[in-house]
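Worksheet: one structure, shown below.
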């Protein structure tokens, strides 16, 4: 199955998602439940658009060597600097072909086989994280369970659960307090101080990634808390309307903390071209979330491998046309105007 | 009744107003009589648009405390920094379900019950202000009668009338000379010098608010005249075409006079997100006008409370997601690019 | 007849012109013959658009005095700073209700009666200028014959002809060499050196206005040649495609030559608001061309007076709302951002 | 046949090309095979658009002399600074009315007769270059064979072949590695180092032009390699998506290398106005590619001469209106804002 065939297949079973030719937030806008963004729904649209506004500097006067896209993720070699982002409540937002348990059982091993790593989403139902932990165990820990910012006690329990699967890293989407459907739940979820995050990092006992950083100040607090990495992310516009695009805030954040922690970024990244731009702006690797849902609904494991292969080919092509033979060759000066 | 239900109800009885899902000036454009703006009608559109162009800086690494939206309005505690703007000639502009007297009889007590304050509009018919004064008296003075810039003698008479109701403050829309339907009326309305305004402030004998300030020079003149507050406002585009948006002029005005007088702002503010942006740019509180007409036409007092509740929830949500626990925590640096 | 009625009347007899509600170049685009612009036809559109992008600074804290719009045009008092621009070949471009002779016989006295001055266009047919000279004579010289840049000998003949009418001033559209229908005519028309223009100024023996200046260098050459005034103009986009808008080049030209010669401007000026902006940017007065054709076709002399009255009311309104009581009060600082 | 007639004729036989009134990339977008651009297809659109955003400074106060558009191309006089760009695989991309051999047999002599020079494209089929060499020989070498960046050995063979035709110059499209249909072909094509290019320049033994330069660094490498000229080009968007437009990168490249090598530019240049802008930004001459395909399909040699005549008239007109009498008079200051 090609990427196009998986997409066509997905169109028939995606519920509120239209499985658009280009996943840019225009068709779903503010559809929640559904894949849309919060408020007026412009968050996801802006994320996508700002990558498109960046231009790359083509220069093919250089050695005609092979292009190497391998990425070191905390000691694990990935085929390319790509992670599947965490998604939760898939039945609610994407249709009843999958529930979170079945989804993770396809996503986690599928990504592992394709040479990348999946983030597994947390849920209000404890069974979701339990099943994700099981799936991770079967895949040799190739994955990143993502715990919501519950109270410290609940986090402690979830930690114990997922640490048993020996995952590559553990993450927390610190911005999840803004999710409309998390409001007023028990246990409560919300903001965390640096001090509380330091405790959480310690509980994790392995690389801890803080997801939902949109400012230099936030990145510095994550560093102070001892995080091994951050995800520059506005949660695809789903936790707060009218944030800047991640492509807008990434450069200043990278200037502030690069080299001292890993920088990941998500939000509207759809192609290898977008990945190249994110890396040129200072990211170490990218997360892509929604398109993996489409691929799983449309083609299960085959969908994942088709999309990963497409991204790898595109990224390698842009790298070759801009004179980069490895990820470390990608510089901000390869973007026009920088 | 939810906000959406009130809006749906309003659609059937709003005359020239379309009760749009988003009140952004596009559908009414230059419809006067009606809710439109003057000239080409782009004034209200630009007001709305410029708030949308601002982005907020999400940062949830902070204490997970309660968010307090209370605002001190000249010694009176409001539930949130929100005032219902003055509207006049509602029958002419919005349809015959209400006249100005009946409108104020719903708006003033409705706002008081919802924990906010309404500005009451003036009219060419003296009975309008008389009835507003009555309604204010019944609500314990919870309101701001807004006198047009008539000649000093007429102003004196109106002052006596409204002071009997002991209102929280008295206002004047100094830009009303540009209203097409005020042209050539008796008594004449028009510009005022600083000297004349000083007399008017003295007549008021309580906090006096000057509405219709769009420049730093104008704000300084208002301060010189002894005003306790200004409303940065272009009258929703209804007195002069092609003014800048209030969001554009607010920062420089706040830089010039903040701390020495209260700064209010109106023009295209529709959500708690917009309120947050206005406060971040330097406003102490905001006025919202047209949407309250829709709420009153569609749901009377219930419409008011549904809208106020919606705004309070939205404002608190944005505050929490940007790390502000009280109004004084809101800083300009919480907007992207500032 | 109101302006709207004249416009409605014009719609039925304007040939290739659509007599649009707003004359902004969008409907005619590059229709030549017809009222359109050259090349892709974007010249007239940009002219109009750039005025709209400017915003005015409302400030009504000032004396409530009368607004005086009178303008001194080389010793003659006009009701407002407005001149009707030169138009030629009206039958070809606007339809056969008028020919150039009949058109000038309505336009010139009509403008004089409305308190303004008309520029009369030149033609390849010598009878056009002869008839214009006659019409001017009957109106006491209230007009500005506009000679094309023919060879010096032809210019000399035309000068003699029009001087007999004792016009207020004489003009030349130095950019006319770019008119498609003037190409290859006899006598030839084209560029002029400063030296040649000096001779022409001398022939004129009265205020000489050079129309078609779009650069500071051009304005300085006009000054060197002894011109009493310039018209900052790109000929409505009809002589060269993709020029900047006149609103864009006017400020620098005014900075360079204001006070040493009169500065007029045309191009997309349609309302009193646009006039105010042109004056704020540094023009002494404006020319409006196409809308006067519409007014003459739709309402003859009555059309002219309706349009002039509309412009006067609009200009006075904007002046009052920005605190200007006379033309000399209008400053660049009354525009937002200046 | 006029240009418009040729265009109308072409409409019926252009396959995937729509022979649009303005060839701006909007209709074909990312149609490959076909005339479209790679990826999302925005490359060609941006190329076209960025020329349109530039404005010219009209100034007709100058001598009314003749305009001379002649250009010296490495010792050969061309009627204007125009070269027909290389196009390959015309049957695949434009329809079966022509194959590459027949196309070159019309294009090369047609351009020579119209006073300009054509670039001949390379193909995966060796017969293409052989036939182009034959056509060049018959036209006295008036043309520029364009070799793809194969391995050095293949280049050596192609060089021998085309040198026999004694062409005015030889070119290489160094960016061709990005062409989707060249991927994985034998012999392989790809990037070249400065050292390899130096060998190729030596093989050529006559002016060598490197096509596909988009950065200052790339231009300097081309200069180091001994190239006599470069073509600032992103291959019409067909080798890499989301490059800047050539109009955007041209000024900095011209500032860096002008005077030391010839600078050509292509990408969305369609009219004499566009040509003028390219020259003002620093190009010595321009390449136009796709419109010549349309002209050949629609009118063969007659199509070429109609288009060349149109471009010459337009260029001369803009030059006259901006006060340039020869190509060396065209300065960057003739563009607004420069």
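Odds and ends about this structure:
Should a chain be cited, it is by its letter among A, B, C and D, assigned in written order, with residues numbered from 1 in that chain.
Keep this in mind: a contact is a pair of C-beta atoms (placed from the backbone, for glycine too) under 8 Å apart; a residue touches a chain by one contact, two chains touch by 3 or more.
Note that this is a predicted model, so its numbers are computed, not measured.
Interface chain C/chain D: under half of the residue numbers present appear on both copies, so the contact uses mostly different residues.
Annotation: 60 Å between the Cα-based centres of chain B and chain D. Per-chain Cα centroids separate chain A from chain D by 43 Å.
The set of chain D residues touching two or more other chains is empty. Judged by the touch criterion defined above, the protein chains form a single closed ring in which each chain touches exactly two others.
By the touch criterion stated above, chain A contacts chain D in their complex at residues 22, 52, 54-64, 271, 273, 317-318, 320-323, 336-337.
Every residue of chain B that touches chain C in the complex is listed here, in rising order: 39-40, 42, 149, 174-175, 177-178, 190-194, 197, 210, 212, 214-215, 217-218, 221-222, 225, 234, 239-244, 248-249.
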